[in-house]
Amino acid sequence: MRKLTLAIAVIAPMLGHAASAQDTLKIGYIDPLSGGGASVGEGGLKTFQYLAEELNAKGGILGKKVEIVPLDNKTNPQESLVQAQKAIDAGVHYITQGNGSSVAAALSDFVTKNNTRNPGKEVLYFNYAAVDPSLTNDKCSFWHFRWDASSDIKMEALTNYVKDTPAVKKVYLINQDYSFGQSVRSDARKMLGAKRPDIQIVGDELHPLLKVTDFSPYIAKIKASGADSVITGNWGQDIALLLKAAADAGLKVNWYTYYAGGAGGPTAIKQTGLDHQVFQITEGFANSGNKAAMDYEKAFRAKVGLSLWYPRAVNEMRMFKAAAEKANSIDPVKVAAALEGLKFEVLDGGEGTMRKDDHQFFQPIYISSFGKLTESEPYDEENTGWGWHLVSKVDTPQTIVPTTCKMARP
Amino acid sequence: MLELIVISTLNGVLFGMLLFLLSSGLTVIFSMMGVLNFAHASFYMLGAFFGFQLTKWIGFWPALVLAPLLVGAIGMAVERYGLRNTHKHGHVAELLLTFGLAFAIEEIVSMIWGKSPLDYRVPALLDFPAFTVFSTNYPAYKIFMLVVSVVIFVALLLVLKRTRVGLIVQAALTHPHMVGHLGHNVGRVFMVVFGVGSALAGLAGVIAGPALVTQSDMAASLGPILFVVIVFGGLGSLPGAFVASLVIALVQTFAVALNGSLASAFGPLDPSTGPSVLSDIWNVTIAQVAPIVPYLLLVIILIVRPMGLMGTRES
Amino acid sequence: MTAAAIEVRAVDKRFGNVGIIRDLNLSVAKGERHAIIGPNGAGKSTTFNLISGHIEPTAGEVRLNGDVISGLRPFEINRRGLSRSFQVTNVFARMSVWENVRCAVLWATGHRYAFWKNVDSLPEVRERTAKILDDIHLMHRRDVPAGLLTYAEQRELEIGITIASGATVVMLDEPTAGMSHAETDRAVALIRRLTEGKTLVIVEHDMSVVFGLADRISVLVYGHIIASGTPEEIRRDPKVKEAYLGEEAH
Amino acid sequence: MTTTTTSTPKLATDPAGDNLRFYGVWLAGILALVVLPLVFSSGGSVTSFSLIGIAIVFALSYNILLGQTGLLSFGHAVHYGLGGFAACHMMNAVVSHGWPIPLPFIPLFGGLGGLVFAVIIGWVMTKRAGTVFAMISLGIGELVASSSLILRSVFGGEAGITTDRTALPKMFGWSFGPQIQVYYLIAFWLVLSAIAMYALTRTPLGRISNAVRDNPERVQFIGYDPHVVRYIAFCFAGFFAGVAGGLAAINFEIANSAYLGAIQSGLVLFSTFIGGTAYFFGPILGAILVTYLQLGLTSVTSVWQLYFGIIFIGIVMFSPGGIAGLVMMHRPLVRAGTLGTVIPAYLVAIVPTLALACGVILSIEIVARFSGGEPINLFGIGFKPQSPVTWITAAVLLVVGGFVARLSWLRVADAWDRAATVARDRGYLA
């Protein structure tokens, strides 16, 4: 039987997919499900599948069952386009993706072209994690919506926090050498310079993306610089190895990170023993203190066996439902129009808004630190016994950044 | 500055010894069998994962011995049931077999252990700073790695110089065609050599696992560098592999430590020229190009001296 | 007076400290059939390799029709009209017999590296290839991969490839080695016919072949020519008798 | 290698019939290319066909190196990628300068991109064949792929260069927006390139390349410099790889560093080798199969790479001539009319072999899904990876299937020997 399905599944792409049944609403999930990025992609997939089930339990979206179609892009832009095309050919009108700004840029461009060339068969692209600011600035598209805070928003929030933290005096920047790392670096320089001109930037490093196996030489440089804080956008093994090398060398600084909470990050921090010295900037986290969010976390963990990395995915799916209901249609053009300017109470509390100008979602941002937990903080990460602890909440108004987007509307 | 030099040298030597541990096995296998084993880095990865698993079950020290043996056994099986049958189709076929094997091993490992980095820790016994240079701690485990690498290096040399198998291997290094005609059980020698080479890679994996990341893409990220090392050093030359390991590791470590770029040396370009290839090259720092330096060295040496640094044969 | 076809002057060849060839002097006149004989390990194949450019002499020089060719690459020497065969069969194993011979014809017919011509529609190439295949009696095997030929057939193909370019100087390295008597006779007749009017240098162990075929013979012992002359002179030369014929006369 | 020459054996056939068959095959191929998207007209199939077309051009270009000249390259994607970038830049330049160059000419510029790099780097690279060449190609591949991230103004960083194919001047009123138009553009270039590359094998250079592959030493003694031969072949391979890259750039409207990388280089090696390097059509089969598996397998199993690896190892070990080699092995039997005696043995063998394959697949998926903690497999039906029933089924299939398969393949070998002997007697087999 199984062989048969396998055979059918292999033959299927040749025959093409028959038009989908009318009672399901398919969302193409395009992220790495094999290869290096697969652990992250699988976590995201489980999250979206959980959310779809949750929506379906409450009657779906406008009575339609939501189905997540997993599509493996191997973190490769080209492959993503193949998968997106595959999804569109199979009758998918909504795709969501998060890992890799290069993939996001390719997808946004692809969707925009597709929609102009195939009027009546539009596709919306929901971005839940790609944070390159250009996606809502010079490369912005009417068909792209972003729920994650872009890297400049996060930096705006972080620098607003640093503004009131006099202990930060000497900052070292270390980032991955590609567009995201470069935008973190330039935003940090610009915003720190404006808000805290007294802060000294004692180092500014770009290292090759995911290629460094030993960060000791970099740690030696940080140490030599006399920095008290490090700001880094590193993710994946680049953050884990960086922290590991820091702990090995006995470097005592505070780490302000974007992605220390990603898969493997908490394990690495616990291993290094950097108790409450590693900070992250997110739109929500397990111990945020918001009752609803914490209950949600509990249910999610019980069912999925992972912590909720993507509170924004919850916002995304719920807002999708809200917009569809507001438009009373699942036609992508109408949903897109309904999403513009939509205000929404986010999972971790507080109001967020989908800015019409550039389709960037603005929401409260949290700065939390990783370490030993108190009584009121029930959730640890990756079974380390340590978890995220609230340091500061930056409200929506303090996260607004300008945009250069000149959107072409249909 | 001195601080940076000392630390970078230490780090470079350490990384170099690790590279040598891997490349020695690869070199011996190549000189005996003429096979460039693409799966060598995969054996290194297997070593790390076996090391992780065995550490969990029976502790680090037994794992340090057992895991390489296991990897060696797998290597022997690969030689016996794979390469030996492929031999008649020529070296390209053998190379391609190991190429396919590398693919398969990576996937099998990620199937069993998942794709995220494992929590493979430094054993408690060695989890302390060994000494402090310029207020930077140098962890004891790294010293341990260094010692193991050096011990293996010395042992390898002794085995090669003093034992019969060693003599055969030595002969193979210089006169690869003769050995086959000398009436030794070439098949068994090949199998043992392949096994030992794999075991060395496995050992490197066990000790490098806790210090670096133990993850299913660790083979892919290290593999190409290994080929650079043995080609750079001269295919089939052990001393060459040793020198090349150190050179490449030191060059890479120091490249990272340096901040210089053409812009910092000669002043920034006229801003009115705008972005171009020239400005890209002008502004890139040495640290940024560190990962491509080994390949640059490889291409240059192959152009200038195709037999490699200390090699005697071309292919 | 015309220059000799091949002129080897005071050539030395060392591998490391070992001198394989010492002060080698050899002259082969145009149109002459010249055999080089000598015991195993005397350096006969090395001499061939030195002349054909396979290896470079350590000292001395080699001339072809009066021009210095030592130091040139093998294909440059070949283009000047010297072609050689190999002691160990050295054909293009995965290509058909027809292709083997045709490849050897291509350079000489001026098609070189052409990638704009259909190789099948070059009449002079086809005719020449067919003629050589007829000559070496392999026409009936034209589509068989060379690697699948019998040993004797491969040796004949080897000769065919060597003479295909129409070189005026042909060097054959033990063309009849490993053949039966009948096969040897056939091969000798073949060589005689195919090298008509050309200069031939041959290395051979079979003395009946040597004395039946050669106009002149040189005897090589320990990398040095100890005697050179007509078969009759060689037969009578006491040095040769002592060094060679005395021990393993056939 | 067992079966070999690239020339067609001409034993006991008349040339006129051969000619007819030769042109017939090509015409059938072209006809298939025209008709296929009309039969399978869904968007998904047309996308797949387009990708397969690109992969075929790429694999054929690779075979100029591996199959024709005997050069094993681990960096062939460099030319593909540079071709892609060249095409993208050209398209953008055409649009911004208003040049009258319509889209169908763009792949030519892709080809030039691949060619220029081959011309520059090739002379040094092709000095030596064998392992040295393989290693240099690996180094160059890594070097170019890494440099592409540094030279942002040319390569656009990791985001790459995007372009809009519909913005170019129209040709025949085609905008090339719809995928089907792009498909026909790819098909056109596929036919053009395939004919050109086939013709190349029939030229003096093509034949000498084969000679260099078989015996570079001997080539020197028939007047050729193997270095020059390898260099020219390398340039041709670079050109056609660039054409493939240009087609990919048109198809995706983006070129990025992934085009240049080791994965792309590995894939083309896979395709070519699995298809079979000894025959011109081998890489075509390989490219179809590999692209197809890539598209199909990835949506079925997350461990598609493992299946790739296993298929590849299987081919290397049991059929180094690839699929084409397997197919052509039967040619003499067909001609001698003895194929019929082998078929029953095949039919017997196929059952246990399939069982064995299923056992392997099942075992792999058990491991893949068991450790992943997935409660059920993706397709719902059949086997739960955690259930002992599944394990036993897998074990039975593996052991029994393996055992019976072994026996039945021995029978196949016997039948083969008999059929081959007859074929040899009748003069169809050397």
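Order of writing sets the chain letters: A, B, C and D. Residues in each chain are counted from 1.
Heads up, the rule we're going with is that a residue touches a chain if its C-beta (ideal position, glycine included) is under 8 Å from a C-beta of that chain, and two chains touch if they have at least 3 such contacts.
Model, not experiment: these values are computed from the prediction.
Colleague: Check every other chain and keep only those touching both chain A and chain B; list them.
Modeller: Intersection of chain A and chain B contact lists gives D.
Colleague: If we look at chain B and chain D, which chains touch each of them?
Modeller: A chain counts here if it touches both chain B and chain D, which gives A.
Colleague: Measuring between Cα centroids, which chain is at the maximum distance from chain C?
Modeller: Farthest chain from chain C, going by C-alpha centroids: A.
Colleague: Using Cα averages as centroids, what's the distance between chain B and chain C in whole Å?
Modeller: Chain B and chain C have C-alpha centres separated by 48 Å.
Colleague: Could you work out how far the Cα centre of chain A sits from that of chain D, in whole Å?
Modeller: 37
Colleague: So how far apart, in whole Å, are chain A and chain C when each is placed at the average of its C-alpha atoms?
Modeller: 74
Colleague: So how far apart, in whole Å, are chain C and chain D when each is placed at the average of its C-alpha atoms?
Modeller: Those two chain centres are 43 Å apart.
Colleague: Which positions in chain A are in touch with at least two other chains?
Modeller: Within chain A, the residues that touch at least two other chains are 35, 38, 42, 177, 208.
Colleague: Find every residue in chain B that makes contact with two or more other chains and list them.
Modeller: 110, 114, 288, 291
Colleague: Listing for chain C: what residues touch at least two other chains?
Modeller: Not one residue of chain C touches more than one other chain, so the list is empty.
Colleague: Which chains touch, pair by pair?
Modeller: Pairs of chains that touch one another: A-B, A-D, B-D, C-D.
Colleague: Taking the touch rule as given, give the residues of chain D at its contact with chain A in the complex, in rising order.
Modeller: For this pair, the touching residues of chain D are 40-45, 47-48, 51, 146, 149, 157-160, 162, 164, 166, 177-179, 248, 252-254, 256, 258-259, 263, 292-293, 295-300, 302-305, 358, 361-362, 372-373, 377, 379, 381-383.
Colleague: In their shared complex, at which residues does chain A touch chain D?
Modeller: Contact set of chain A toward chain D: 1-3, 5-6, 9-17, 33-35, 38, 42, 71-72, 74, 76-79, 81-82, 85-86, 88-90, 101-102, 105-106, 109-110, 113, 117, 132, 177-179, 208-209, 305.
Colleague: Flag every residue of chain A that touches chain B in the complex, lowest number first.
Modeller: Contacts found on chain A: 35-36, 38-39, 42, 177, 205-208, 210-214, 216-221, 223-224, 237, 240-241, 248-251, 263-264, 267-268, 271.
Colleague: Which of the residues in chain D come into contact with chain C in the complex?
Modeller: Against chain C, chain D makes touches at 1, 4-7, 9-11, 199-200, 202-208, 210-211, 213-215, 217-225, 228-229, 232, 236, 278, 430.
Colleague: Across the complex, what residues on chain D touch chain B?
Modeller: Chain D residues touching chain B: 1, 72, 124, 127-132, 134-136, 138-140, 142-143, 146-147, 150-154, 262, 266, 269, 273, 303, 305-306, 308-310, 312-313, 316-317, 320, 364, 367-368, 371-372.
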